[in-house]
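In structure tokens below, several structures.
In the two assemblies presented below, chain A is common to both, partnered first by chain B and then by chain C.
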Partner chain A sequence: MSKIFALAGVVIKELYRRKDFYVLFFLTALLTLAAGAVNFFHDDKIVRYVKDICLLLIWVSALVISVVTTARQIPAEREARTIFPLLAKPVSRWHVIVGKFLGCWLATGVALVVFYFFFAVVTGSKEQIWPWGAYLEAVWMHWVMLAIVIAMALLGSIFFAAPSSTSTITLIVVGGILLLGTHLNTIALQQPQPMQSILATVYFIMPHLEWYDLRDFVVYDMGLVPVRAVALATLYGAVWTTIFLLLAWFGFRKKSLNT
Partner chain B sequence: MTAILRTEKLRVEYRSRDLRQATKVALNGLDLEVRAGEVFGFLGPNGAGKTTTMNVLLGFVPLTSGSASLFGIDVRQPIARQRIGYLPELTYYYKFLTAEELLRFYAKIFGLARAEADKRIAELLKLVELESAAKRPIKSYSKGMQQRVGLAQSLINNPDLLILDEPTSGLDPLGRMKVREIIQRLKSEGKTVFFSSHELGEVEAICDRVAILHQGELKAVGTVAEVSVGSDNLEAAFLKIVGYQPSPLS
Partner chain C sequence: MKFSPLSLLFVLLALAFTLATNLTLTAGNWSTRAKSDNLFGMVFGDGRKLFANHFFTMADVYFHSGYYPSIFDQKSGEEKEIISASHGKKETEEDEKNEDFLGQPKDWVDAFGRNFRITQHTHLANHNEREILPWLRLAADLDPNKIETFTVGAFFLREHLGRADQAEAFLREGLRNNPDSAEILFELGRVYHDSNHDRERARNVWQLGVKKFFLRTPDQQKDDKLIFEELAVNLAHLEDEAGNYADAINWFRAAQKVSPAPDALQIQIDAVQKKLAALIPVTPAKLY
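Up next is the complex of A and B:
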């Protein structure tokens, strides 16, 4: 495990020495504060509207940070050829895959905590209520979802040499799942065959990232999600993450190290 | 003496994805043995297969047939690399890290305890004369300094076998002298050094034995004196072995 943690540590150092996180956090904070300061729609429940905007920005920022950071990990190692002195040590390619995953996931987790803390402070200062339990559940589910996304991006980065291709494809897939995931089954039923079967199959085999979106629970104060449901979702996320990591390792094992 | 690096009938083929292109044989039946405590020079013109051999030993390239082992362990097992240090020809390190952070990272990879890692890092930074720059990011280093960081990282685990790929390439005379001194020092400590080089004078000065590779095949192996029999020096022997014909103009 020390090898995996060492690799993860380098990923985390890289993230906080780059500007991506700071820029996205600054933009999120700025937009949220601006939205909170101006009551565009003369809505009495401005807090709800600020919450909605802030959470959307957090979701977009977290997705961008996780996908962009992950997508460049393996290609950057190959391009800068840092992979050679690394693999000349007693490190296997599985260690590299898991270490990179863990580093990206932990770094994204730190970013999420910073973002949600800012969210709690902004909304709490307006509402004077602090539903920490709901926030904790929202952060946890968000983080589990990002584990699947990071593993997916890592898999993509094995097959696409350009990080921009991996980022774009991953963001399109994740965006598609988040927007259409819940409705795909209903859409399938309205289609003629064979499209109906194809869409239904896609619905049942895709990772349901939309299950992890607890924004409505936070915005509309809907209370807590049952712990059993959170545990099952965590298990489901762990299974998908493992599948993507195994596929990434399998691809990386066969991959020539030369760019 | 025990052989700590061994290849037997090692063959490496590079298959092209283009079916019209023939398979390239990079190494053909290479039998090599490096014994404990010796400085072994691995020579050959560009494209002879030196880097491929090193890549197989380090597990970067799969072998097609034959075998390769380090300390008796198949090179395909990561544990075979626990007691080796590797210095690549060019510097390939995380440029956003400082020299100290890079060494600490590799120390963790080898599972060194904190106190031991601290001691080792301090020793190595002193050895490569980078103490004053230890907390600066590697991206701010000159080429020579980066090469010295490379040398330090290759020694972090106090390796018994050091694999150096053209360790003095691109270094100024002082840098070359420093690398030579370090190799001599490692030899005096009983370490084994396996290195490739185009600097035949350097090889002649520090190697116990040399091997000459040409077109993927081993052409000569032995002490410098044995390989140079019938020639004035190692350079003349090398040129003869690889079939160099001086052009009429020269």
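Up next is the complex of A and C:
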């Protein structure tokens, strides 16, 4: 376990040395504050649109940070040939996969805490309420979703040639699931065969990332999601993360490390 | 004659500057494209209407606190409730039932996924209606010819937030962009009548609205008869309040011609006629 944590620590250090997080956080803060500064009909109590915009920016930023950070981990080690001394130590390929995953996941977790803290401060200062329970649920579900996304990107980085293609394909897949995931079965029912069966199968076997999006509950102050549902969604997320990590490990085991 | 590269650069820069000062004045007329008077028009062109429609829909989404059909749901194309609310329509239980676009869960994924979606049909209340205003403001900026944006925005400002002055300013802006809009004039009349209790101005504005309505083509009049009914009925009530019963009856009769419920208006006509009859001085009978 200490080997995995040592590998994860390196990834976390890498994230705060790179500029990605700072640039995205600065942009999110700038756009949110600019949106919040606009006065509509001389009413300073209007706040939901600021919450909406800020959460959207947080979601986009967190996705970009997690996918881009993860996609370059193993290709960078191979390209710099640091993978050889790494694997020469008593570190297995499974340790590398899990260590890289854990590092990326913890690093995005730290980024998420910073983003949501900023969100809570900005919106709370406008509406004078801090529904911490709803915020905690939203952060937790967001983080669980990012675990699946990071594992997916890690799997992609084993099979695709360059980090850019891994990032692009992962972002398209994740965006597609978030936008269409709920509606895919409805769309399937309107299609002729065999498309109907194909779409219905995809609907049932894909990871339902859209469940983890609790932005509406936060924006519209709709209270808390039942804890049991959150726990089950967490379990579902853990299962999908493990599936992707195992697939990545299978791929990585047979992968030639020479570039 | 030899030029150093630096002096050539200076000469070229001076030439470019001179030409720019000379051509700037005329260059504006070279393009035949229509000039846009605001930033959105310049950036988006006609595409801004699409964004305006989207933002108007966002206002309706906010009004429902996120409980809203997507383009994949069957109820997605129906009239927006913020519009029907601005026409004074109250929701019945039947309407509530019709708006349950989710229905029964289709499968276990859908059933479990509903834990993470808003599944209650609610409307904003207690001054939270203000949350729809940013989207209406943006929609108005993007498409100043979308009349519903102004009428709906003014309705919520006046009726739910008690800000008649803001409502009037928003309608005046709408009227500057759409000077022939009977709908905006109707809403403006409601600001004067219901909020400012200024009967004279309300009458003038509503009568102007009627005139604008009759400027439309017969087909347009047929499609927009709801606005004429609203104008006529409100004018009838105004004249009734003012004691001009004969005018009130005339307006009610005009409204009857386009109303889907002429019987309800007949009851009101009868009531006004009674008031009118009571006013006509009865000649006292000779006692001797």
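The criterion applied here is as follows: the second predicted complex is superposed on the first by the 252 of 259 C-alpha atoms of A that agree within 3 Å, B and C clash if a C-alpha of one lies under 4 Å from a C-alpha of the other, contacts with A are read in each partner's own complex, and residues count from 1 in each chain.
As a working rule, a residue touches a chain if its C-beta (ideal position, glycine included) is under 8 Å from a C-beta of that chain, and two chains touch if they have at least 3 such contacts.
This one's a predicted model, so the numbers in the text were calculated from it and none came from an experiment.
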{"item": "Chain B versus chain C as contact partner of A:A88, first or second or both or neither", "value": "first"}
{"item": "Touching partner for A:D216 - first (chain B), second (chain C), both, neither", "value": "second"}
{"item": "First (chain B), second (chain C), both or neither touched by A:F5", "value": "first"}
{"item": "Touching partner for A:K126 - first (chain B), second (chain C), both, neither", "value": "neither"}
{"item": "Winner by number of chain A residues touched, once chain B and chain C are compared", "value": "C"}
{"item": "Partner chain in contact with A:Y203 - chain B first, chain C second, else both or neither", "value": "second"}
{"item": "Chain B/chain C common contact set on chain A", "value": "none"}
{"item": "Contact set on chain B toward chain A in their complex", "value": "58-60, 78-82, 84, 86, 88, 90, 92-97, 101, 105-106, 108-111, 150, 153-154, 157, 163"}
{"item": "Residues of chain A touching chain C in the complex", "value": "38, 40-43, 45-49, 141, 182-183, 185-187, 203-204, 208, 210-214, 216-217, 219-220, 222, 225-226, 229, 232-233"}
{"item": "Parts of chain C lying in touch with chain A, wherever the complex brings them together", "value": "62, 65-66, 70, 72-73, 106-107, 109-110, 112-113, 115-118, 120, 130-131, 133-135, 137, 157, 161, 163, 166, 170"}
{"item": "Touch list for chain A against partner chain B, complex", "value": "2-3, 5-7, 9-10, 13-14, 17-18, 80-92, 95, 257"}
